[in-house]
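In what comes next, chain A is part of two complexes: it sits with chain B in the first one and with chain C in the second one.
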Partner chain A sequence: MPFAATAVVNDWIITAASMVILAVSWNLAASAGLISLGHSAFWGVGSYAAVLTANKLGLPLVVALIPAMLIGALLGALLALITGRLRGIFFAIATLALSEGLRVIAVMTPGFTGGGEGIYINPELRIGAHWVAAIMVVGALISILVTWMISRTSWHFAFRAMRANESAAQMLGVRPITFRVGILALAGAMAAFAGGVRVWYGGFIDPGMAFDLQITILAQIGPLLGGIYTLVGPVIGALLSVLLSEAARIWFGAQGFGLLVYGVALVLCILFLPHGVWGGVLQLWTYGRRRIRGKQ
Partner chain B sequence: MTLLELSGLRAGYGGSVVLDGVDLTVGEGEVVALLGINGAGKSTTMRVITGLLDPSGGRVVFGGVDITHFPAHKRVAEGVCLSPEGRLVFPHLSVEDNLYLGSFHPRARPHRAESLERVYALFPILGERRAQKAGFLSGGEQQMLAMARALMGRPRLLLLDEPSFGLAPLILEVVFNTIGEIARSGISILLVEQNAQAALGVAERGYVLSEGRITLSVSAAELSSSSDMRTLFLREIEETTVPAPVSIESKPAAVEAGLDPEPILQIRGLHRTFGGLVAINNLALDVKRHQFLGVIGPNGAGKTTLLNLITGYYAPSAGEISLNGQRIDGLKPYDVCVRGVGRTFQLVQCFPEMSVIDNVITGALFARDARISLEEARERVRRPLELVGLERKTDVLAGTLALGEQKKLELARALATQPQLLLLDEVMAGSPHEDVVELMAVLRAIHAAGTTILMIEHLVHVILGLAQHIVVLNFGEKLFEGSPDEVVADPKVIETYFGTPTNK
Partner chain C sequence: MTLLPQVLLDALLLGGLYCLMAVGLALCFGVTRIINFAHGEMIMLGAYGAFLLSLHFGIDPLLSLPLVALGVALIGGLVFKLCVQRVLDAPHVNQILLLFGVGLILQNIAVLIFTGDERSVTTAYSLASDQVFGMMVASGRLIAFAVSIGLTVGLIVWLRVSEMGRAIQAVAQQRDAAKLMGINVTAMYMVSFMVSAALGSATGAAMSFLLTITPFMGFHILIKGFAIVVLGGLGSVGGTLIAAFVLAFVETGVSYYMPEGGGWAEGVALAVLLIVLIMRPRGFLGQAVDN
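Right after this comes the complex of A and B.
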């Protein structure tokens, strides 16, 4: 396979595609006003569900992803029902608590999850990194396709109305809980898919890795960098963030300084492109068109 | 002596130009009115003067100091205080804490007690409710709080953006008398106001703003008599009898003769309290099918609370509400909507980041159990948008519309839900005279097409000109009900609501 030329390239592809899925999933929930600080919860249950069902039943990766996504969707729907009408910061804190709670449960149930020592995938089930990369890329494409399809339905209207004013939206017949359950189930399934595939690449999972706060943060960087609430923005942002972090790592070495440069670049981007890179491109486009029209 | 001078002021949002070279002065101790149609740039001018929006050109000079690029808080310290459009009180703080925040800057802080005494003397109702959360005040009381909060900052220049918004006639009179008193105490006032008659009653000079430029600058007396002004802004008494468009009978004879005896909405023993305060007290009310019902009453009478109870935003403490014979109390707003009730809000609640047409499409999409396609929704919203006159602004972001236009957008959005019963909460507020006349015709047409309407409105000539039947609320109870003629003749209603005997 041409793209599987080196281990490094596989690593990049897997990281980039998983970041795209996380960004798209996070942005989907955010577009309805549901700001998640617990995306690692979906990622984590996806990882565990894939590994545990595979090890128990000897399932190959593609099959193990089905229970992973189901569990992710179930967790999303459950989150929507439990949080009820919580909005904004209250919803965000509830998601943070969910992720942290799941991490503690994973540590406390060693018989089931392997506890703090973690758990390995049955080596016979593991596949080549290029296959893992291919599945992750397909997943990323499907997740983009799904959000594009949603943007062409009435859901797109309900989401934006809920984000702006959930109370007023109700007077137009929008039933918030329906859409909350739907959107969080979908976002949960997406993030769980990414978590499930990623664990196949590493072959090992422990509670700290599965429910890592960094996953939550990375999920938000893409949309913020690329352009929140847009279709293209999270994709551009996720790819750009991977590019930035890899470039910083290669040029400045793995430690300290590279991370600092990466962080500074992110802050600058967010400061000077408040609508993200995609928002900046659109602005330039309208500016250019106006200039041309002005000259005519 | 000149206190405020704007010269060549230019400003806008994103790429759009709203102010295109505004020149304006306010003298020491002078009251100046800034008039103009919706979207002329009045509120934008206020935003630039207060420092909430940075101008792209021109200068703002205050008391001889160039404050063009001063941050907002520094301008307050200089003595520029704003009572903003839409009140913007802090809903979770008590009335007194809101007022305290008005005197936050060092120049005003030492005089807090004295200022507090003064604003309580001006607005006694605020003194009575000082410990209550501002969010529990009625719309009109919040308006008073916003003005009082601005006064707490010991302004040299008081900016009032639509102070008449949501005020009952009696209070309107009090507030404008108060504005006169404030002016006599030596404070300069710049007044943005749709109620031009009231504004020119207190102002010495007036400016007319049109498409981001000052087009007229004369004394108030000249402005009142100018013929353009009369047709554009002034609310004349004849309006009560504005003839409806020929095609529409204002009160269709068939409807008049035989209102369906079965009420579409029936309310019995309705009761609602907020933390010990009785907002609605044992209210019984029938809205007959095809009726145009007006609800009036002083600020804080419980009018908006009544709408919130009908639409499920509040649950009643006791009592029953039935729509078409079925109980709807306890239902959520979306279920009430699906059963055929549409409403607009007192403070506009459109979706600012969505375009005008997308706002209305949202109304068309979800209001029925049977979902319709996007194409069908797009088709269905054309008529409501034309009715309210926004058909040429369909792709504009709702948040950039002027207040009166946002009110119209909300009306179009409510119409897109195809309601049997339409509840309107001061839908005319923020609209200039010309639009009010148009909107009255629109509401007549909607009513003639078979929609039952319950309307809350403080513009007396509007409610008397439209409603077939009027209910007067006071302290959450029904004070009086009857035909418009009976209402204006009732001494109790005159005393609690109109203030002066009205022959309007």
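Right after this comes the complex of A and C.
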């Protein structure tokens, strides 16, 4: 036992860490101009791949995460290839359709996925919540590390160029499709990892849970709240959003308030804080320094 | 092949509803160039409006439809004034996510007020049906079809004939030129956003006696709306109408002829959406795709 934590704390850690992974993954795709409205697709295939392979072959979680991430990466790469020339709105709608389509397929193939009734993980394979929390935290740290490493390479400039204008980026020698495949495979693998781990916590998955629109909402709320296209922003935003929803749940209690708070946060951030909390802090910082320098 | 006429009739009736469902979305995109991700919620609000008026005052959904449409148009105007107007020139990302957030807010306000329970409106005609030439004609569907087609035709006539309608068309064609002609572009944006919201709520009211009403109904309807609008070509009202019937015919065909078709029919819109986006993003009659 790595640390003794109560059930509530474990729950918070798992939620927060999975939100961080989702936010980092979404932000990674968004930083290349690929706005995903279907992150639940990656999350869902990750969950299903982990559960199905584990049940079939008797794999423990850590091993079952490998096929989950592979399938997530494959789906990301496939999405990049088939949506080759789609941008902006069109890409967003395509991802939305992908996630919903996967849900319908999962419902309609009961022989493979357990159908609408869902599927349980073999109880012998389940592990304690603190282990699930630990694995999720490790995953979150690795995904942060990976995006940090990317930000140190020239990829980061290619992304920025693609986001601003893909045709112009192409003129400058950036091959968009290569980066698209790479970035979506990476983002897909991350979200699939989170989905795979999360299912070990609940022990059960059905199509509605796996391809829930809420996952998509959660994935985008972190970066927007914290600061889109930045390294630190999504992490801050993800943690902040957990805090917000917990606070809403404790204060108001009723079902629906958590998501209402997310909606309000989303709208307010886009209207008044387009660079998120982290962007706001940075602005305040430069403003403060300028003021001090001005006085000297 | 005694089944075929029935399939065609069902598809036709469904297609009428799809027209109304998608035409609001198409109008909003055609004029403002913003995809209204909250359109599904406008439909949901319309359905709840009809439900409440029917429950408390016993008003028939068909009679309450204008009232509901007016109310939701005002909500649409409020959303435009408070939010959309500020992001008209912002990147598409911001517009998409903003309206997504607005939809989320409306949806969860509905959860708080109405709870997540499933509701339905029962009228004398919602369960009645007639036999015509050996085909079952459900009265409710026929009425919803008539209302939808009536409103869709009304919209097209309004856009063609009235001065404001023509101003809106001018804005849709060339925003800057319209501005030079003395058209208040922002006002036209607001009018089309409100009309779009009203059409969405009318769809909801017309569906209120056919479907179960929940706060979450908007999302699935929205995706179907997207499929139709994308298939028809973004921004083209004519293309949208063709696409609405195409989708209705394919869906109905799948649900009748495929084993377990009822479930797979759900996926038809999604498959259509993906295939069109990949093969021909400009749809039947749309303009070239730019960002």
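Here is the rule we use: the second predicted complex is superposed on the first by the 274 of 296 C-alpha atoms of A that agree within 3 Å, B and C clash if a C-alpha of one lies under 4 Å from a C-alpha of the other, contacts with A are read in each partner's own complex, and residues count from 1 in each chain.
Here is the rule we use: contacts are C-beta pairs under 8 Å (C-beta built on N, C-alpha and C of every residue); 3 or more make two chains touch, one makes a residue touch a chain.
This one's a predicted model, so the numbers in the text were calculated from it and none came from an experiment.
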Partner chain in contact with A:174 - chain B first, chain C second, else both or neither: first
Touched partner set for A:224, first chain B, second chain C, both or neither: second
Which partner, chain B or chain C, touches more chain A residues: C
Partner chain(s) touched by A:286 [first = chain B, second = chain C, both, neither]: first
Partner chain(s) touched by A:158 [first = chain B, second = chain C, both, neither]: first
First (chain B), second (chain C), both or neither touched by A:70: neither
Partner chain in contact with A:146 - chain B first, chain C second, else both or neither: neither
Which of chain B and chain C A:98 touches, first, second, both or neither: second
Residue numbers on chain B that touch chain A, as the complex places them: 15, 311, 313, 332-338, 342-343, 345, 349-354, 358, 361-363, 365-368, 371, 374, 377, 413-414, 416-417
Of all residues in chain C, those that touch chain A in their complex: 35, 83, 86-87, 90, 92-94, 96-98, 100-105, 107-109, 111-112, 115-116, 215, 219-220, 223, 226-227, 230, 260, 263-264, 266-267, 270-271, 273-274, 277-278, 281, 289, 291
For the chain A and chain B complex, residues of the former touching the latter: 152-154, 157-158, 160-161, 163-165, 167-176, 286-287, 290
Chain A residues touching chain C - in the complex, by the definition given at the top: 30, 35, 37, 82-83, 85-90, 92-94, 96-98, 100-101, 104-105, 107-108, 213, 217, 220, 224, 228, 254-257, 259-260, 262-267, 270-271, 274
